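Structures are listed in the sections that come next.
Across the two complexes that follow, chain A remains constant while its partner is chain B and subsequently chain C.
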Partner chain A sequence: MAEIQVIRGTGQLTCLGLGSCIGLCGLDPVSNVAGMIHVMLPEAFQAKGEEKPGKFADTGVPALIEAMVRLGANQSRIAFAMAGGAQVFKFSANNESKLDIGTRNGAAVAAKLRELGFEIVAQDTGGNSGRTVIMTVETGIFTVRTVTSGEKTLCNLRG
Partner chain B sequence: MMASEISLGLMELSVVRELTNIGLGHATTSLSEMTGRKFTISVPDVESLSLERIPELLGGCEAYAAGIYMPIEGDVTGHIAFLLPWPSVRSLWKMLLGTEPCDPSEITEMDASALLEIGNIINGSFLSAIADMTNLAMHSTPPYLAIEMSAAILDAIVVEASSKDHLALAIRTTITEAEGSLEGFFVYIPSIGGLRHLFASLGIAEAA
Partner chain C sequence: MQLEGMNETAHTPTITLADIVAKTSDLPSLPAAALAVMRETDSPTGTAQSIARYLSQDQALTARILRLANSAYYGLSRQIIDVSDAVVVLGMRCIRNLCMVASTYPWMIKPLKGYGLGPREMWTHSFAVAVGAQLVASRSRASSADQAFTAGLLHNLGKVALSIWLEDKLPGMLAIACREGLTFDQVERKVLGFDHCDVGAHMGEGWNLPKPLVEAMQFHHNPNACDPTNSLVDCVHVADYLTMSMGLGLGGDGLRYDFQEEALARLGLTSDHFDELAESFMVAYEQHEKLFEDAA
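Moving on to the complex of A and B:
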């Protein structure tokens, strides 16, 4: 959680069991550099220098891009997809769940990407299901797995 | 994971264990009154388990589990959750309702509210035991229930808890009834200030 994973060449990136967090994945199909972050909250708190940047949408998105560029990605070629941001605590006594960080996480990641000039190829966010996301560098295929619907391909980051 | 693992000394651990035993004693009584059956709830061990290890104890990151979560308000703010692996959830339904959904997609309102009620009783008893012993105000708020991948439930709890710095404590719990027993995990995440408050009111210098 809150980690920034980057790989080059071949392999898979995964985030297991995302609840209200967002798994954001980027791929540069030419350099074969891929990266993933597990975003927990929309924005960094003030005066918290030692926090991992990957934890927050506003600091995590630029940190992911920077880590990918350092590994040889060309910023303008990175394609992004994301999943997560669910409200897993769907049952409550008064039928009105106030736990909506998931929705805010999804919106914050999307807003930060837009601000930096990126389009999101595909996203599977919101709802009530916990998700596992897997991206395979060789194929560019981004899959989302839930307990109720099994595994499905969300998109191909190689276009 | 953000909620770092709590590090308590033997003294603090035994205090927490004792508080838990008292709390669960209250819970046992309420549960038996509600259902007309005889339950015992025991605490084999209080471990300072890291939250990251809990999905593994619930059957794996992607295994189905149930979590009943409540934010705590008052003098000692924090978060409390009771987590059950899927086989335990089914046993609990069988004990309480006499029926059990085979598949998570068949869960009814009734099944969900039975779990919310149990979680409410167990979490609430734990809090009131601590509040009684320490004279600190701890108010439980209405519970939330998730029936999902275990890691996703933990993920959501940690996110709720991490707006401030917190420590986490996990307590393994066994609920026994004539028809069998089941295992669950209590997760208690007091705010750091709250924990200091708690130990201070018991006259114990804090280790962490």
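Moving on to the complex of A and C:
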């Protein structure tokens, strides 16, 4: 978990078992460079972001982009999609809580991408279901699988 | 099977809690030796010798414990050849946890179709909650870390027994949950008249488990209902939340449960440090996960 995966050419990237975590995937359709991170928490603390930047939204998003560019991606062409950020059904205090890691993760990834000038092509976030996400480089298809709803195509990152 | 005709509507229970235990074939059990070890380690009179004596009565358990004790996880410089040796080298507390892991692993790695869990997923979830409960107990100092580990490992025991009765019912139950805005344990109670927490506690009582452990099974989704409060229940509730959030061993019921922040407060923990707790939890889980590779 929390590693930064990047590939070029052909293949699939997968994030297994996302609860409140976010699976963020980027693809440059021209260079065929793709990357994925499994974000666990919104913000890095202490030196944790340097050890494993992919774990946190604020350090993971720039680290993913950097890793993709190193592999030959053109930053301006990268398209992003994300899934995950589920949450428990209800908090007893019933108000916006720091404990709501899923919502905070989704918001933090979106905010960081926006700050860096990117838009998210599609997202499937929130709810109470665990998800697995798969992105196929050749087709650009980003699919989301849940135990109960099976597999569905969220978007095509090639447009 | 008697549980029929659910059709996404409220259902008059046709099966009782006692039926589940009496009529489920292949019901999980805890070896008598494991229960004795648990009692001995909780008892002020328990000794390394008495623990070794109980363990040596169960050859299958002994073999599994020796395999775990000699696994790369412990990285011991010499081979442990008998249980007395293992108890001395690893310590009573460690042997107790090894014993629980070795006893539960065989039935927890089976898929639980009724909950949409594939092979090993129940184990992943239960082991993660065990590690989490141990961590939370150490942080809060409200509960014994070893008892918390055992409580975490066993918290979803009821699901193991109930799964077969829920096969093919999961989509219908989730439809009820969505339509009526209910948690999954609420749907279980609506459809069956009881939930997996009740089944687990009933089984735990049948095994003569200590009351705090039985309560951890009974109240792990509703710790506020445990009167008087039990810090073991709170540790498991928080660890279950961490485990669900991190997506470890999620089934069709996913995260469809409530979280009661009062459990955190009772443990003297706050939401301000929750991210750090979650990160420490994942580090601890990944370290302990090495046990997985050797447990079989």
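In this text, the second predicted complex is superposed on the first by the 143 of 159 C-alpha atoms of A that agree within 3 Å, B and C clash if a C-alpha of one lies under 4 Å from a C-alpha of the other, contacts with A are read in each partner's own complex, and residues count from 1 in each chain.
By our rule, a residue touches a chain if its C-beta (ideal position, glycine included) is under 8 Å from a C-beta of that chain, and two chains touch if they have at least 3 such contacts.
Treat the numbers as computed from the prediction; the structure is a model and nothing was measured.
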In the overlaid three-chain picture, which partner chain does A:Pro42 touch, first (chain B) or second (chain C), both, or neither? second
Identify the partner contact of A:Arg145: answer first if only chain B is touched, second if only chain C is, both if each is, neither if none is. first
Contact-wise, after the overlay, does A:Leu99 reach chain B, chain C, both or neither (first, second, both, neither)? both
Look at A:Val88 in the shared chain and tell me whether it touches chain B only, chain C only, both, or neither; answer first, second, both or neither. both
Does any part of chain A touch chain B in one structure and chain C in the other, and if so which residues? 1-2, 16-21, 40-41, 45, 55, 86-93, 97, 99, 101-102, 128-130, 146-148
Can you tell me which positions in chain B touch chain A when the two form their complex? 1-2, 55, 61-62, 64, 67, 69, 104-105, 112-113, 115-116, 120, 142-160, 162-163
Partner chain A, residues of chain C touching it in the complex: 116, 170-171, 174, 183, 224, 241, 244-252, 254-262, 264, 271-272, 274-276, 278-279, 282, 286
Complex interface listing, chain A residues touching chain B: 1-2, 16-21, 40-41, 45, 55, 86-94, 97, 99, 101-102, 128-132, 145-148
Please output the residues of chain A touching chain C within their complex, sorted ascending. 1-2, 16-21, 40-43, 45, 48, 55, 84, 86-93, 97-99, 101-102, 127-130, 146-148
